[in-house]
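Below are structures written as C-alpha cells.
Look for subunit A in each of the two complexes below; its partner is subunit B in the first and subunit C in the second.
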Partner chain A sequence: MTKLKRILASKTTVTLVWVVGVMAIWEVFAFIVAATKRTPINVLPHVWQIVESFFSDKAVTGKMTMAQLIATSCGETLSRAAIGFLIGTVLGYLLALLMNMSGIVEKIAFPYLMIIQMIPILGMAPIILAITGDIDSSRMVIAAILTFYPVSTNTLAGFKAVEKEKHELMYSYAATGFQRYIKTYIPFSIPYFFTGLKISAPMAITASILVDTLQGGNGLGCMLSQSLKGGMTRLVFWDIVVISAIIGILSYYLMGLIEKLICPYKRRGQEVIL
Partner chain B sequence: MAEEIRKETAREKDVEIMLDNVGMVYKTTDGKDVTALTGVSFDIHKGEFISLLGPSGCGKTTLLRIIADLITPTSGNVLIGGETPRQARLKKRYAMVFQSAVLYDWRTVRKNVMLPLEIMKVPKKERIERADKMLKLVGLSDFADHYPRQLSGGMQQRVGIARALAIRPEILLMDEPFSALDEFTREKLHDDLLRIWRKTNKTVIFVTHNIQESVFLSDRVCVLSPHPGRLSAVVDIDLPRPRTMDIKDTPEFTALVAKVRNSFEGV
Partner chain C sequence: MTNKARLNLLASVLLPLCVAVLLFILWQTEVLHILLGTDTITLPLPTRIGEIIGQNADAIWEHTQISLRVALGGLVMGSVLGYGIALIATIFPKWGAGGLSIVSAFNAIPIVALAPVINNWTRDISTEVDQRSTVAKMLVVMIFCTASMSINAFRGLTELKPFSEDLMKTYAAKRGTVFLKLRLPNSIPYIFTALKVSVPSSIIGALVSEYFAEDTVGVGRQIRENIVKGQYPTAWAYIAVACIIGIALYAILMLVEHLVMKRRKG
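So, the complex of A and B:
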C-alpha cells in the first residue's frame, strides 16, 4: 500500500471524514432552513450557534448558564443510568451463569428474555412508575431492564462458545465445577460479556433520558422537554441532543477501554479490531 | 480367573496399559448400531512409544478417548497400571495433547503451563518452577511471558506438550498433535518429541494418519482398519535409537513403511 492509501484507510481519517461530512450536511441544511423558515432555531440551528450557546455565560434558567445546567442534569441522569446499568449487569450476568449451569433454567428463561426486549420501553415506564411509585427508581429500573438482556445473552453465548477440547482438558485434570468456571468459562467469556456491555451502556443512557421526559424533576430529559415546551431557549434542546450523543458514544468507548485494561492479551500483537 | 492370570503376567512384563477385547458401538438417532471399534486387544509396555495408525473412521481416536476415560467402551476392559481409566484419570496418570494446542489465550505461555498445576493445587512457587522447567525442556524459555497468539503453530503445540508434561504423567496421550503443522515444523517437532521422550521416560500413545510419522517415532505401530474399526496388525519398528532425520533415507525405513502400508485391510 502506498503511504497515501495507508493514511486514507486509517481509523482516524475515517472518523474525521465522518465528523466533517456530518457537519457539512448539517450546515447545508441549516443554511436552507435559515433562509426559508421564520424560526430556524426550532428546526435546525447552525453548529456554531450550538457551540456558542454552550460556552456562553448568559443564564438560561434561574442563575445557571447553559454549561452549568447541562453539567448538573448530566450528573443526575448519568448517575441514575449508571446505577440501573450496574444492577442490570449484575442480574444479567447471574442469569447467564444460572442458564449455563442448568438446562432447565435456560429452557424456562431464555425464550421469554426476548419478550422483555420487545416491549416498547415507554409503554413499560408508566407501569413501572405505578409499581415503584417513584420516578427516580423507575428510571433506574428501566435502565436496568434494557441492560439486562444484552449482557445476559452475550455472556451466555460466551459460555457456550468454549471449545470442546477445553472441556476435555478440564475433565482430564479432574477439575471441579467451580474450577471450570474460574479457569475456563468466566475468563473465556469476558470479550462476549463486554460486547453485551458495549451494546447496553448507550442504551441505558438513552433510556434514562427518555424516561426523564415522562415526569418533571431534574435530568437531561426533563430539561429537554421543558426546552421543547418553550420553558427555556430551544438551544438547550439542541445542546442536550449533541451532548447526549457524545456521552452515548463515550460510554461505548469506555466499555472498550475497561475491556482492554482487564484483557492484556487483547492489547498486544495483531489486534482484532472491533 | 483368566483375567487374574493375565493381570499377573502383565505385572511381570511391566505392562502399563492393557486392552482386552475393547469394542465401541454407537447408537444412531434412528436406532441403528454403528460399530466404531471391535475386539481390540493388546498390551502397551512402560516407556514404550506406540502409534495408533489408520485412516479416518478406523477408530484410532475412539481408542485413545477410551483410554483417556472420555468415553466408556461398550465391551471389553481397559486397565491402566492395574486401574480403570477413571481411576487413572483422577490420579493424573496420563496427560493429553490435542490436535490444536488448546491454549488459553488470556494466559501467558508460562501461565498456560501452570494451569493444570493450579487445578491440582500445587503451591505457587513450585508451580512456577515446574512450568519453567518444562518450558526449558521444550525450548521455549524465552517466550514464557508471551501470549499464545504471538507464537507460531509449532511453538503453540510445544506449549501444549509442556503443559501435558507439567503434571508429571506416566502416560502421554497425543491425538494427531502435529497434523495441522507444515512439514518442516513437523519434522522439527518429531526430533523434539523423541528427545523429550528419551529424557522423561514416558509411555507415549500417538494417534496419527501419517505412515512415515508413525514409523519414524514409534517402537510399535498399531495398524487400525476401518468398517468396522479394528486392530489389523502390530508392526515392530526395530530401527536403532536415537533416531535422526537421516534414517528416513535408509532402505530399512522404506521397507518398514511398506510393511505398515501393506498391513491395512479394506481401505
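So, the complex of A and C:
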C-alpha cells in the first residue's frame, strides 16, 4: 500500500497524469470538431489518426511513406539547425571570453547584445534569405544569430559570478591568467553556459522550420506549407507539428543530459535575462 | 561622482556609439556590401531606407498600429492567463508544479507551426476577415507569452523570503491575507522578469503570425510581401520599423519597472 502511495506521489506520475489529461482534452475537442465540421482533419484530428498516419505504410508523396518523408525532411532541417547552433555557440562563447578579458570589448559589445534581443530576428528571416540567396545558409545564419546571444550573455554572467574568494586563492597561488581561466572561470561558468544552450536549442530549431516555410526545398517547414496548400494530405501537417514539438522538447533535454555528463556536480546557473 | 566613474560612464556610452557610427559609414560607403557579398538592391543604403520611411509614413503607421494591437493584445491575454495558471499552481502546489512543467514544455514547441491551424480554429468567429484574423494572430502571441509568465510568476508566488511565511502563521493570517500581503507583492519583480522575455517575443509572434494570416496586413506581412515583390528598400523600411517597435516597447517596460520598483523601495 505504501509502495502504491509512493508511486502515486512521484513526480513522473504527476507529469504523466498531466500528459494524459492534455490528450483527453484534445480528444474531447476532436470529437466536437468531428461532429460539427465538414473537414475535421483541417481543424483538429484525433490523436490516434496522427499516430496511425505516422506508422502507416501508405505513400503520401510519390514513393515515400509518412515516416520516411518526415525522417528525410527532419534530417535536412535539423542538420542545418545544428550547424547554425554550433557556430552560434562557438561565437557566443568566444565573445563572452573576450568580453570578460577586456573591459573595452565588453563596453562595446554589451549594448549590442541587449539590442539584439529586442529586435525581432525571426521577422527578418525573409531578408536574410534574400541576402544569402540560399535556403541552407540562411537557415544556418538565423539559427546561429538566435543561439549566439543567449549563450553569450549567460556565459558572461557565469564568468562574473565567480566568487571573490576563488580569485583571491588563485592570486595567492600566483596563477597566470591562462590558469585562472582553465581552473576557475571556465569550470565555474559551465552551468550558466548550459542555461544559455537550453534556451537557444529549441529556438534554433523553430527558426530553421520557419525559414523552411519561406521557400521550397525538402525541410520540415516546406512539407508543412505544402501540406497546408493541399499538396498532400493534411495529416502530414499534423505529424510535422507533433514531431517538431517533440524534437523541440528533446533538444532541451539533450542539453540537460550533456550538462550532466560534463559536470555531474549540481550547481544550477540562473537564467539571465537582461 | 568621482572623476574616474565619470570617465567610465563616458566610455561606456561613447565606445558603442563609435562602433555604430563606423557601421553606418561602412554601410553608406558600400564597404559592408562587399563584405557581405551583396548589392545595394538587396541591402539598400541607410539614407535610402530613411527616405522610404519618410515617403510611406502614413501606410507604415497604419501597419504598425495593426501589429502593435496584435502584439499587445496577445501579450496581455498571455500574461493574464500565465499568471492565472501560476495562481492555480500555487494553490495546488503538488499537481500545479507538474502542470507547469507541461506549460514550460510549450516553450520548446515551434508555435509558429501552429499559426496556420489557429487560422482554421477562428474561422467561425466572424465573417469579417480582418476580425477573425486578428483574433487568430492574438492567440498565437498569447501562446508565445503564457509560458514565461506562468513559470516566473509561480516562482514569485512561492519563493518567499525565509521565515516570512512562518511570521504570517504566527499572526494567524488567513490564506487570503498571506496571498495579498506576502505572495502578491513578492511576485511583482518576477512579473517584470517574465515581461522582459515576453515583450520581445510578443513582437516576434505578431510578425510571424502575420506571415500565415488570412488578412495581408501588418508589419511582418509587409516585410514578406515586399520581398516577394522585389521591393527590398520598402521591406527594409518595415524591418527598421519592426526593430524600432521592439526597442521602444522594451524601453517603456524598463521605465515602468524602474518607476514601480522605486516606489516599492521608497
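Everything below uses one rule, namely that the second predicted complex is superposed on the first by the 255 of 274 C-alpha atoms of A that agree within 3 Å, B and C clash if a C-alpha of one lies under 4 Å from a C-alpha of the other, contacts with A are read in each partner's own complex, and residues count from 1 in each chain.
Everything below uses one rule, namely that a contact is a pair of C-beta atoms (placed from the backbone, for glycine too) under 8 Å apart; a residue touches a chain by one contact, two chains touch by 3 or more.
Everything numeric in this text was worked out from a predicted model, so none of it was measured.
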- Of the two partner chains, subunit B (first) and subunit C (second), which one does A:71 touch, if any: first, second, both, or neither? neither
- Message: Under the stated touch criterion, which partner chain does A:94 make contact with: subunit B (first), subunit C (second), both, or neither?
- Response: neither
- Of the partners subunit B and subunit C, which touch A:20 in the superposed model: first, second, both, neither? neither
- Is A:161 touching the first partner subunit B, the second partner subunit C, both, or neither of them? neither
- Thinking of the overlay built on chain A, is A:202 touched by subunit B (first), by subunit C (second), by both, or by neither? second
- Residues of subunit A touched, compared between subunit B and subunit C (which is higher): C
- Identify the partner contact of A:257: answer first if only subunit B is touched, second if only subunit C is, both if each is, neither if none is. neither
- Query: After lining up the shared chain so the two structures overlap, which partner does A:169 touch, if you call subunit B first and subunit C second: first, second, both or neither?
  - Reply: first
- Task: Would you check which partner chain A:28 touches, where first means subunit B only, second means subunit C only, and both and neither mean what they say?
- Result: neither
- Along subunit A, where are the residues that touch subunit C in the complex? 9, 11, 14-15, 17-19, 22, 42-44, 104, 107-108, 110-112, 115, 117-124, 126-127, 129-131, 202, 205-206, 209-210, 213-214, 221, 224-225, 228, 237, 240-241, 244-245, 248-249, 251-252, 273-274
- Per the touch rule, the subunit B residues reaching subunit A in their complex are 68-70, 89-90, 92, 94-96, 98, 100, 102, 104-107, 115-116, 118-120, 147, 149-150, 167
- Note on the structure: subunit B partner, complex, touching residues on subunit A are 163, 165-166, 168-175, 179, 183-184, 187-188, 190, 263-265, 268-270
- Task: Going by the contact rule at the top, pick out the subunit C residues touching subunit A in the complex.
- Result: 11-12, 15-16, 18-19, 36, 38, 42-43, 94-95, 97-99, 101-102, 105, 107-114, 116-117, 120-121, 193, 196-197, 200, 203-204, 207-208, 211, 219-220, 223-224, 227, 232, 235-236, 239, 242-243, 246-247, 249-250
